[in-house]
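Quick notes on the structure that follows.
Lettered A, B, C and D in written order, each chain numbered from 1.
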Amino acid sequence: MNIYSYIALIPLLPFAAFVLLGLFGRKYFNTVSGILGTFTLGISTLLSLATAYQYFFVDGKVDGVFTQIIPLKYTWLQFSPNLSIDMGIILDPLSVMMLVVVTFVSLMVHIFSLGYMKGEERFATYYSFLSLFTFSMLGLVLSSNIFQIYMFWELVGVSSFLLIGFYFEKPSAVAAAKKAFIVTRFADLGFLIGILILSFHAQTLDFQTLIARLTDPQSSQMLSITTASFMGISMLTWGLVLVFAGGAGKSAMFPLHIWLPDAMEGPTPVSALIHAATMVVAGVYLVGRLFPVFVFDGAALIIVTYVGAFSALLAAVIACTQTDIKRVLAYSTMSQIGYMMFAMGVSGKGGEEGLGYMASLFHLFTHAFFKSLLFLGAGAVIHMVHSNDMKDMGGLRKLMPITHITFLIACLAIAGIPPFAGFFSKEEILLAAFHSNKLVFFVALFTSGLTAFYMFRLYFSIFWSKETQQHSEHHDEGPLSMKIPLIILGACALLAGFAPIASLVTSDGKEIETHIDVLFSLTPVLLAITGILLALSLYKKESDKATKVANTFGGFYRTAYKKFYIDELYLFVTQKIIFNLVGKPSAWIDKNIIDGMMNKLAEGTGVVSTQIKGLQSGKVQSYALYFFFGIMGLSALFIYLLK
Amino acid sequence: MILNDIFILMKQELMLLGIIMILLIIKVGKDWSNESLLNLINALLLINVMSGFMMPAEGFLFGDMFKTNSLITLEKNILNIGTLIISLQSYSWLKNHKHLIEFYILMLSTLLGMFYMVSSGNLLMFYLGLELSTIPLAAMANFDLEKRKSSEAALKFIISSAFSSGLLLFGISLLYGTAGTLSFTEITSHLTNTPLQIFSFVLILAGFSFKISVVPFHFWTADVYEGSPVAVTSYLSVISKGAVLFVFVSVLYTVFKPLAEVWYNMLFLLSVLTIVIGNLFALRQDNIKRFLAFSSIAQVGFILVGISGSSQMGTASVIYFVLIYIFSNLGAFGVVSLVSAIAGKENISDYRAFYKTNPFLSWVLTIALFSLAGVPPTAGFFGKFFLLIAGAEQGNYILIAIAALNMVISFYYYLRIVKSIFMDPNEHPIEKLTIPMMPKIALFICLAGIVVIGLWSSIYEYIYSLSTGF
Amino acid sequence: MNLNLLILIPFLTAMAVLFCKGLKQVRAVALLGSGLQLILALGLLYRFYDERAAGNLSQMLFEFNYHWFAPLNINYHLGVDGISVAMILLTSFVVISGVLVSWSMDTLNKEFFFLLIFLSMGAYGFFMSLDLFTMFFFLEVAVIPKFLLIGIWGSGKKEYSAMKLALMLMGGSALVFVGLIGLYFNTNIEGAHTFDLLQISKMKIPVEAQMLFFPFAFIGFGIFTALFPFHTWVPDGHSSAPTAASMFLAGISMKLGGYGCLRVATYLMPEAAHAYAGIIILLATIAIIYGAFATLMQTDLKYINAYSSISHCGFVLLGIGMLTQISITGAVMQMVSHGLMTALFFAAIGMIYSRTHTRMVAQLGGLLKVMPFISAVFVIVGLCSLGLPGLSGFVAEMTIFVGSWQNPDVLYRVATILACASIVVTAVYILRATGKTVLGPITDTHFNKLGDALWNEKLAAVILIVGIMAIGILPFWLNDLITPGSQQIILQTGQNIMLK
Amino acid sequence: MNEIPLTHILFVSTALFFIGMYGFFTRRNMITILMSIELILNSVNINFVAFNKYLFPQNLDGIFFTIFIISIAAAEAAVAIAIIINMYRSLHSVDVNETSELKF
């Protein structure tokens, strides 16, 4: 037994909670199920914090380098001597950091939900689903085997399906859940094929071995994967790009992002958990996990970079136009993950080269806090206003002081205003981009300005804008359970920037030096401030200025408001092309041609049978005649022809 | 001592003759009630069956005109059993019939004819047996005297069979002309594959084919089956057919061995034709007797497939199949004859919802039909399987494939009846029938036969061991 | 362990059912019998592991050989390897839940249970046979009860469906028959022929004969397992059948075909299997994709499951066609998994239908509110069908994919990718069906009055779910069970691609 | 000796055979049909006798056969006529074409 064996408890505790609450919760202890779920997760959180401490500061480092530790590994399914799915736990800076983020954010959401979901008939079900999700997410980040990660990947998808569709009586929620699942499923197809390709050539499914084999230019496996090619592109590129496709699906990268905004139909804390801090960053995590291999393939990394950068920009533009506050946040998430992606893409391995990798994960870390804070804040607002639409809000700052302050902190953090958390991580990303790809750098710069603008548009619309408020009769800000997470997360958003990620989570396990170059950071901060001021002027007071501005952009605004018609395009492809041109013909062919063939065969036999009934005419003389012909025929045949 | 030999070797024939004599005496004497007569006759037939199994003997009589051995004894026993079952089944019909004794005398005469035919070692003997087994049958076919259909069936039967026996005789005369002898054992050595011999063989084959309803010599079958009383139909379809098949197999394998190449190909052709035509006609029949007629034609096609195999396996599988076929077909006919005698209905559409009123009879009919179709675990499955194995022995897989696919068609029409019985709704189903004792016994015998003969492999092994004779 | 028990127990149960009076006795006897079957099957599993652990490495265990028809060398030869044990387990699970689901069968209950149990006897016999004749015998034993089950107790155009199913399956077995006969006459043991599977496997069947008879055997068995384009009996048959019969049909009898394809066609005619692999894969891929797309358009729950079965059984054939050890293991797993899953699916549909009296997706909605248990079952089985990890479908499908990928032929890989793609389509149709029926608002106010599952239905569902999860969560026992068997088959083909 | 050659006799018997055949196929009267059959049987008889006399005079197989054929033909005719009479009772005709109630 390894001293880290207890880590297995971290995912298993939520799993136990899931089983317990799912089977018996609703019937026997509906009301306390929230406490139960939160409590088990609290233990998990403590354990993961202990793990982080143990790993980062006690014994993770060997000779100044963080090494991978595999404390547990059980063979789950042995395909062949080489290939097996193992259930294992991997500990390295990446997974430990994710462990902390996931358990922490999840705990906050659990606590927040105690108040938010109070009185819900299916309270226990809700918590069991939350536990299931947490379990899957923890399993995902701890996976030591590429197939294991795929399994938890799917589980995450399903539990997010269940959570998004929690209000199952609302058709829109069901539709959104379906959409989220199917789109990510489609992306997972790429992931699966990628796994098949990589594992076939590397002859292993184990991450450690796989990475070792595919990063050693001398190994036969590396030789086989780089020489084998399909359509002129090497199998390595194919494999990595396909794996990335899976990641892009979960992380809502263009063009697979369409599910994310719709997924806001779920309960808001769920969005905070799934769509801010955990599931959506799984793609980044996946790229990070396979980063050593990605480094060996420039083409794949370039794709990662451009997809990330484009998504960041696109989402930011769309976010400026949306009026549903959760959708704004959703697009902002997509944009921020775009940041993380291209940061990965521009990174190299080791030392200064690896700045992008570190920056990406740093941003992941900080983003988790401020984005979940934003969602929870939005949740608190929605809880109060009972609407998602900005138009129904305004002037809430007096009514919800804590929400207001924490929301502001989060907005500042995401806008990249020092000393809030977002500033540091974004700074590193921009720096990394500046060093390797100027185009991406400028896109990122522009996007960060836009980010500040739309976030403050949101902020002002909710908390300022209108001064008088009608819908405030007896509501207060919500119970304590909703306020505490906001405060804790607010503190994190304020302070997370100072976390020593640079010395802990790097591409090669070694520390890298980071420094804030004031001159360099001036530009993004100024841009952000400009964005904030713009938002201030447009949205601080209720006026028609914003509408006028929108009108000046005209068609572009409408297009952005309609999310560039990507949804419609998908709808066209699926409904019109797949359903009408593939599905319907298949069903038709089956019914009429293939089945028809069988029926025709039977009918044909019947027809022949009717046709020849005249032979049996009932006349004994004709019978004798046939008899005679039979004899003559046989004789002729066998005497003359077959002799 | 020839007399001694006669008593030993011809004991089955003598037994029959004795029963016929007793019946004649009763006819001349005073009136018996029908019921007691039937009881007596069935008891006699039972004794006949049991005595058949005692003291098997082997040998020749009258030169080599008459021969017997354990296989032939077995074949006669099979026919005896079949006759007993038919007799039991026709109880309901005969109970009210005026000419009960005549019916039995005629039937037993034909049986006697078949015995002679099965035992024949000479074409003359064969011919006599054949005619003895045919002419009384025509009279039997007319036994529903007041029914026009019955007369028509009898007329068609007698005219067709006279015609066919004319051609058969013509063939025999030509064969006699080329071989100079009528004895089976001697003919073989004179067969040299000349065109005239082939021609005469075709004529003789047609004579056989007529009796066992091989396409295109089968046309009389359906009409006669439909018109005749059910007892006669079942007798025609199993006993008379079975007897001729026994002879046919042994004649082909022994007498016409030198012509094997010719008859092998002929059988190939005829079996395919028979199966296909039989199936196609059976598909759309509504009268159940007519339907069974065509289905039995298709069955004969399968038997021909089996015959086209090698001698031992072919013989064994044909005899085995005939045995199974007797039980299966009589199971079906037993139900049909009950329904016909009591309810007077003979159409498949009348059988709709039969299960609601008569579950036992429905199950018997269903199992019998499954056995005919060749569904395990009934014996019919084993019978057909072995026939086709025998047929495949020569490597003629095309034949096997055709036969196997035709089994699917045959499934359709058998299942169609099952469907009527179990699934179709009917406003006026056949009322609940009270089954008299004897038909019930017959049905149970059939059921037992259908189940046991297949699963109990010793029966097949016994037949197989006897079949080495050729 | 005497394997004859597994035939004897169902037989005695079936006979006992015939002598029972009234529904209560009948179902009690049937439940007892099927419970005994389950115990026997589990015991067999235990004893099997025991023997293997004790170092008994012979290919087949618990052999029983009786010379049945000596002149033809036909033996009643039973024996099991891991693959058979897996299939037997599957059968026993489906049988007991089928009996439970038909607990309140009101018309002709005696006959119904008789036929059900009789059918299960055929299935057990088939999976245990080591003699081609015995195998064929049991194969056909398992066909005809289905005709009656569908025709008598079915719904909709039941007669048509029953007839179609019976004829197509009989057509399949006719083809199988030709294949078997062909094999038989190409064997040679001191001048005699044999049907014995193990003996044939040790012999060299001439390649020309293999090439001739492989298609017969494979297509014949393939019809049972919905090989394209001979799958058309599946939708009609399944949708017309009563619940338990659907479960048996999809859960057991479709597996007869897959098992036959593997055990008879591929194992005994390895060279031909290699030669025809491309065609098999082509047909399997078409079945997978086309079945999935055809499912998209269905509006009747039973049709949805029937068409999805075509797609899922395509995976079995794909796995067999790929001819790698992993893919064959996967094919067997898929058989087990699909058997459990589809039986559960039909059970759930039956439960819904018996309450709402409709199976049309459009007329259903919001059932989760009124019948949470049944709806949860429905969701679970849907998730299993679309390959959720933790449930059996995932394990089986992934094993097939990984195994298929081991075959380095580019076209085969394209087939694999297409097969992978079908799981997306699966997700679409499963979620459409689930989203409409179980979730969403209640469409019909009558539904509010409906009750949830009864104890027997719950038990049936739980038994199957336990099976599904036992494979989904702990797949290694099944994998260890099957792998030696599939290894044997691959060794037979002699061209193990993994070893190249 | 001016013996008639075998072929002449065979010619006569063959002619008889086909005349009988023709009659069988074309006559409508049942009695005539029976007579046609008698013609066929007689041609067979001639065959047997001729073969016996010319080719195999050492045995009397053919002659015996002929005697049996004659007697059986009589029996056959008797039964057939009885049936025809019975038929006539219901049909009031001896036209064979009217006996086609059973068909298809």
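The rule is short, and it goes like this: contacts are C-beta pairs under 8 Å (C-beta built on N, C-alpha and C of every residue); 3 or more make two chains touch, one makes a residue touch a chain.
Given the structure is predicted, the values throughout are model-derived calculations rather than measurements.
Student: Starting at subunit A, how many touch steps does it take at minimum to reach subunit C?
Tutor: Between subunit A and subunit C, the shortest chain-hopping route counts 1.
Student: By the contact definition above, name the pair with the higher C-beta contact count: A-D or B-C.
Tutor: B-C
Student: Identify the chain whose mean C-alpha position lies nearest to the mean of all protein C-alpha atoms shown.
Tutor: That would be chain C.
Student: Whole-Å distance, subunit A centre to subunit D centre, using C-alpha means?
Tutor: Once rounded, the distance between the two centres reads 97 Å.
Student: If you average the CA atoms of subunit B and of subunit C, how many Å lie between those two points?
Tutor: Taking the mean C-alpha position of each chain, the two centres sit 42 Å apart.
Student: Taking the mean of the C-alpha atoms as each chain's centre, how many Å separate subunit A from subunit B?
Tutor: 77
Student: Where the CA atoms of subunit B average out and where those of subunit D average out, how many Å apart are those spots?
Tutor: Computed from C-alpha means, the inter-chain centre distance equals 27 Å.
Student: Which residue numbers or ranges of subunit B touch two or more of the other chains?
Tutor: 155-156, 159, 163, 167, 222-223, 412, in rising order.
Student: Can you pull out the residues of subunit A that are in contact with at least two other chains?
Tutor: Subunit A, residues with two or more chain partners: 602, 613, 616, 618, 620, 624, 628.
Student: Going by the touch rule set out above, which residues of subunit D reach two or more other chains?
Tutor: Subunit D, residues with two or more chain partners: 24, 33, 96, 99, 101-103.
Student: Mind giving me all the chain pairs that touch?
Tutor: A-B, A-C, A-D, B-C, B-D
Student: Within their complex, state which residues of subunit B touch subunit C.
Tutor: These residues of subunit B touch subunit C: 313, 316, 370, 375-377, 381-382, 385-386, 388-389, 392-393, 395, 397, 400-401, 404-405, 407-408, 411-412, 415-416, 418-419, 422-424, 457, 460-461, 464-465.
Student: Going by the contact rule set out above, which residues of subunit D touch subunit B in the complex?
Tutor: 17, 20, 24, 30, 33-34, 37, 40-41, 43-44, 47-48, 51-52, 55-56, 59, 61-62, 64-65, 68-69, 72, 75-76, 79-80, 82-84, 86-87, 90-91, 96, 99, 101-103
Student: Spell out the residues on subunit C that touch subunit B in their complex, using ranges where they run on.
Tutor: 68-72, 74, 133, 136-138, 140-141, 143-144, 147-148, 151-152, 158-159, 162-163, 166-167, 170-171, 174-175, 177-178, 181-182, 184-185, 212, 216
Student: Could you list, by residue number, the parts of subunit A that touch subunit B in their complex?
Tutor: Going through subunit A, the ones touching subunit B are 602, 605-606, 608-610, 612-613, 615-616, 618, 620, 622-624, 626-631, 634-635, 637-639, 642.
Student: What residues on subunit C touch subunit A, complex-wise?
Tutor: Residues 164, 167-168, 229, 231-232, 235-236, 290, 293-294, 296-298, 307, 325-326, 329, 366, 368-369, 383, 386-390, 394-395, 398-399, 401-403, 405-406, 410, 416-417, 420-421, 423-424, 427-428, 431-432, 435, 438-442, 475-476, 479-480, 483, 498 of subunit C touch subunit A in their complex.
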